[in-house]
Amino acid sequence: MKKRGIGFASVFYGTGYGNGFPDISNAIAELGMDGKITIYVGATEVGQGAKTILSQIAAEVFSMSVEEIIFVCEDTSITPDAGTAAASRQTYNTGNAIKIAAENLREEMIDVAIERLGLNSRVGLAVKNGRIFLKTFPEKGISFEEIALLVGDQHLRRTGSFTAQTTQMDEDTGEGAPYWPYTFSVYGIEVEVDTSIGTIEVIRSVCAQDTGRTINPKLVEGQIDGGFAMGLGYAIYEDLNLQKGKIKHNRFTNYLIPTAEDMPEVEKIFIENPESTGPYGAKGIGEPVTLAVAPAILNAIYDAVGIRIKEIPVTPDKLLIALKEKEMEV
Amino acid sequence: MKVIQLKVNGGVYKVDIEEDMRLLDVLRDKLRLTGTKEGCGEGECGACTVIMDGVSVNACMVMAFQAEGKEIITIEGIQRKDELHPIQRAFLEEGAVQCGFCTPGMILSAKALLDRNPSPSRKEIREGISGNLCRCTGYNQIITSVEKASQYLRREEEEK
Amino acid sequence: MEIKEVFRKKNVKETLEILEHYQEQCKIIAGGTDIIIQLREGIEKSSVLVDISNIEELKVVKETEKWIEIGSGVTFTEIAREFTLHDKFSALVEAAASVGSPQIRNAATIGGNICNASPAADFIPPLLALNAVVVLERKNAIREMCLEEFIIDKEKVALKADELLTKIRFKKLQTNQGLGFSKLGFRKALAISKISTAVFLELEENNKCKGTRIATGALGRHGLRERRVEEFLQEKALDPSTVHQGGRKLQKEIEKRLYGRPSLAFKKEAVIGIFHKAVDKAFKSCKIEGGI
Amino acid sequence: MKLEVVGKSVIRVDGLAKITGKAIYPQDLFMDDMVFGKTLRSKKPHAHVKIDISKAKTIPGVIKILTYKDVPNNHHGVLLKDHEVLCSKKVRAIGDPLAFVIAVTEKIAKRAIEAIEVTYEEIKGVFDPFEAMKEDAPKVHDGSNIIYHYKLRKGDVEAAFEKCHAVVEGEYKTSMVDHAFLQPEAGLAYKDGDSIVVCVATQYPHFDQLEIAEALIMPLEKIKVINTAVGGAFGGREDITMQIHLALAAMLTGKPVKTIYSREESFEAHSKRHPMTMYYKTGANSEGKLMAMKAKIIGDTGAYASWAINVLRKAGVHATGPYEIPNVKIDSYAVYTNNPFAGAMRGFGAAQVPIGHEQQMDMLAEKLAIDPITFRLINCFTVGSKTATGQVLEESIPLQNCIEAVAEAMNFSKKTEGAV
């Protein structure tokens, strides 16, 4: 027999290393001779989209397209340390560092522009599409390329650094402000359980994700889908099957992760509520998106068949045996 | 040692192989076509998917000598002259790529699917790429990309 | 891998000559999906490989008046395609489509699935339920045997070193006959069978069971006929209660066979669900007009 | 503020290289005169070891075999430096690296690995964290197996439970799981003048640089880490795997050295998600307000600490779930065992605790006859809430909106008759 049930779960997630550990990102913004902006930063693109998100932040500072940003993050000898690509911290921490570096560079470029254009102050200036100009008289302006030519060999190059604010917790009571910011995520999931063989299928799912501000909707959607798949695996498939310290499931034939056929469609809702300390209000979402999936599935299984499974993964064998035990009790 | 002739991406190559080499080894180590990836070595992840005589296969599950004389298409061979293949374009536009390691194999599975079924449903796409594991994307944007690529390809057909 | 020599033959005759010459040193490779893993793990120690994946005569699916004949080199993709128009044989489509993934199905062959004789081989139970016959050829000789006899033990078949499995034959289904298949894997694709069951039914009026053959996979050392269950169902009207009792019989068999195994607690329960699904499908298949 | 680029689905900047197969992962690197490295790993979980490389060394094509004797400073680790680059006397987990063979081909390297003689003198191992916490348990390292205890104390839980209308308890267990990124670890290192360049796929190139420099006792600026395209990470590329082996191999042989892990080796080489056992007790009053929560969380970090301290801290802080609870007592522990080591994985301690707190929430809601959405809305954090650590949530706390949005999208009709 097939039985359906719905489950919910909500979570919070504190960004960063936390507990007062200096959580620092550094970045450099440089104006190139071609008028393009190069960002040097030791932040890793692991697939999460850091290069794109961080390029967007830099591009926003200059109101230019992402194509005008050259993003260099691969070489320790030319990039400053931006911390690890973990703890959902790159958008928040390194995003801030890049924004600061880019803004510092922009101010420096404005200084050059003011001098060159013979203006009296910074009032009324706009930076857009590779030019700095007077809003009320756009002809009065200078291109980034011209600025680069003017400064010549003394490349305009500015750094930016951002350190997140957390405190060490009290050793005896745990009191303190260990992480900031917190990101929230809620899932609603409907499952169908085949009670004759113990299999579980997710047939509907919704995610409401707090993003602070969404920097790139498609990338956030991709994180949610990917986070869902990982949560699904955690809930019902994955186990290394340790026996006396030996990993028995040590290959993809027995360590099962979801395939395209196991993955449901996920409806996504972004909840935007900008965080004032985040770059343009953004928060990290890479980890939060996965956390509520497994518990929501467990709650849905209970709703479907009345069994609380307290040990994951809920593989068909575990569920079927529990179902039979329940039958016996009745 | 043995010399075999391989037809890869339209070119013909004479390659020295050792008898125990797999097609994957020849593509990567001999021809340096490193777009074809090895993720598991046992046909389970699909990262090494190539098209051989019109069907998708795992290049880690084909011995090199078995591929002699067959037409092989790898990721390096699906681009048209200066322009991306519509599947590649759709993958780019719809966010189907994250870490990228499964991407070449995924694109070739999508091509093998669309070559025989030009208008697959989302369910058929799921089945068509079910031999390609992806740990990053949760597949949904990949499926949307394949749907979009199918539209691109059909439009191309109509325009012809 | 310590492969010293490889051959690729275009016909059965030349392949048989190679086999005769190299005997035990030589291993046949077709789809490669099992043997390449075995070579990689050092389980397979042959030093010579002969590839049969290009032999056209092994890639034929043929229908005679009474029989269906499948060449050993036919891939699962081809089987699924070949039988997709025959609703009566949707169990074969289902079994073929449940093998690995599209890439695996494009390479893996029915002959390989049989000769590798894995306990979890997806295609063995339906062939057992169809009472299939295997055709074995060696230089200047040919013999046939029942698939059930051909599979001797886990990963062991009665294939001599110089023999090649060339064909698999089974009788066509008549109007009142049907085949059902059901498999339990722990995920939907790329899933190794945890339990599979194939049920052949021949029904008389009022759903009376005139004949049945039931085979299971992953419930023993290799694919097996479940004769006790068959005997039980024989001549009975297949109402829900009888099918249910049939399931219990099968459960009893599994309890004996898997005694002491950690997987028993699960498998003895799940097998009932899988058995029911296979019987339901066999019923449906019976109702479809025959000929094939 | 009107934003022009932020908020747009800009096409990912690394996408083009990836869809054309041109993105270079470390396994895709080739250099002239390149040789191959392969790691010999422990097959025993807890043993004193001796290795004899004399036979393996003589195999034609073997260039050098690195053992602990070759490592200038044989320690690394993200927090505690409790890993050895190559084990000297003792192995603490299956998969611990013992030697690194450098040979002209991968095949020869493999043959040499098989020719190295390893003598194991097995020590009793401990595989269960509860056992490991006992005084007389085998010690994985020199000190206690308990490496961290986080305490959170707020209010008086026992008194509060007395007053609760409904109390639920549960013990929850999560399994050890793997990141299973698609790209198995690979790397290439070479000498460039007196510098060493290490090309790998890592989450944190500057940290790798530091770890390599410290192990080789070389100035930081003489080590350059090139981060290639990274085939997924999820926390599994935080710790060192092959970086130091490769750097040392390049330094001592002067040749470019490449290594690629098989999938099986990848499973053995990198960290795992901490399996946790979580005991929970949660109580609410008759109005559905959470009054007290007690949790004890044991995390098995396996043979090495990696990020265990931070992971169990994060688990402790997030153990309440996103709800206001006036009385809270939480204890979380990180414990060494002889299991594979656990470290960072997407969620980092905050992935395990919801398995407990969210089921507790539903159990309580059922007991109180309140629907799960209403129950969460009654208790969820909002602007101005205080977390169990006393932190004031002063802005951007849209949890209520998230819960309501999901309930609406799921067409969930609240059954509020139970709520008072």
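Should a chain be cited, it is by its letter among A, B, C and D, assigned in written order, with residues numbered from 1 in that chain.
The criterion applied here is as follows: a contact is a pair of C-beta atoms (placed from the backbone, for glycine too) under 8 Å apart; a residue touches a chain by one contact, two chains touch by 3 or more.
Please read all numbers here as calculations on a predicted model, not as lab measurements.
**Student:** Ignoring chain D, which chains remain connected to each other?
**Tutor:** Chain D out, touching clusters collapse to one piece.
**Student:** Two chains share more C-beta contact pairs than any other pair here; which two are they?
**Tutor:** A-D
**Student:** Taking each chain's centre as the mean of its C-alpha atoms, give the chain farthest from chain C.
**Tutor:** A
**Student:** Quick check: how many Å separate the C-alpha centres of chain A and chain C?
**Tutor:** Their C-alpha centroids are separated by 48 Å.
**Student:** For chain B and chain D, what's the span in angstrom between their mean Cα positions?
**Tutor:** That pair's centroid distance is 33 Å.
**Student:** Between chain C and chain D, what is the gap in Å from one C-alpha centre to the other?
**Tutor:** Whole-Å distance between the two chain centres: 43.
**Student:** Could you put a whole-Å number on the gap between the CA centroids of chain A and chain B?
**Tutor:** Computed value for the inter-centroid distance: 29 Å.
**Student:** Which positions in chain A touch two or more other chains at once?
**Tutor:** 46-47, 49, 218-219, 227, 230, 251-253, 257-261
**Student:** Touching two or more other chains, which residues of chain C qualify?
**Tutor:** Residues 101, 188-190 of chain C each touch two or more of the other chains.
**Student:** Which residue numbers or ranges of chain D touch two or more of the other chains?
**Tutor:** 9, 11-12, 14, 180, 229-234, 263
**Student:** Looking at the whole structure, which two-chain pairs count as touching?
**Tutor:** A-B, A-C, A-D, B-C, B-D
**Student:** Which bits of chain A are touching chain B when the two form their complex?
**Tutor:** Contacts found on chain A: 46-49, 218-219, 221-222, 224-230, 251-253, 257-261, 263, 265-266.
**Student:** Can you check the complex and tell me which residues of chain C touch chain B?
**Tutor:** Contacts found on chain C: 1-6, 8, 29, 31-33, 36-37, 39-40, 49, 51, 53, 77, 100-104, 106-107, 188-190.
**Student:** Which of the residues in chain A come into contact with chain C in the complex?
**Tutor:** 194, 196-199, 237, 252-254, 256, 258-262, 315-317, 320-321, 324
**Student:** Which of the residues in chain B end up touching chain A in this complex?
**Tutor:** 39-40, 42, 44-45, 94-95, 98-100, 122, 125-127, 129-143
**Student:** Once bound in the complex, which stretches of chain B touch chain D?
**Tutor:** 28, 32-42, 45, 47, 74-76, 79, 84, 88, 91-93, 95, 97-104, 107, 133-136
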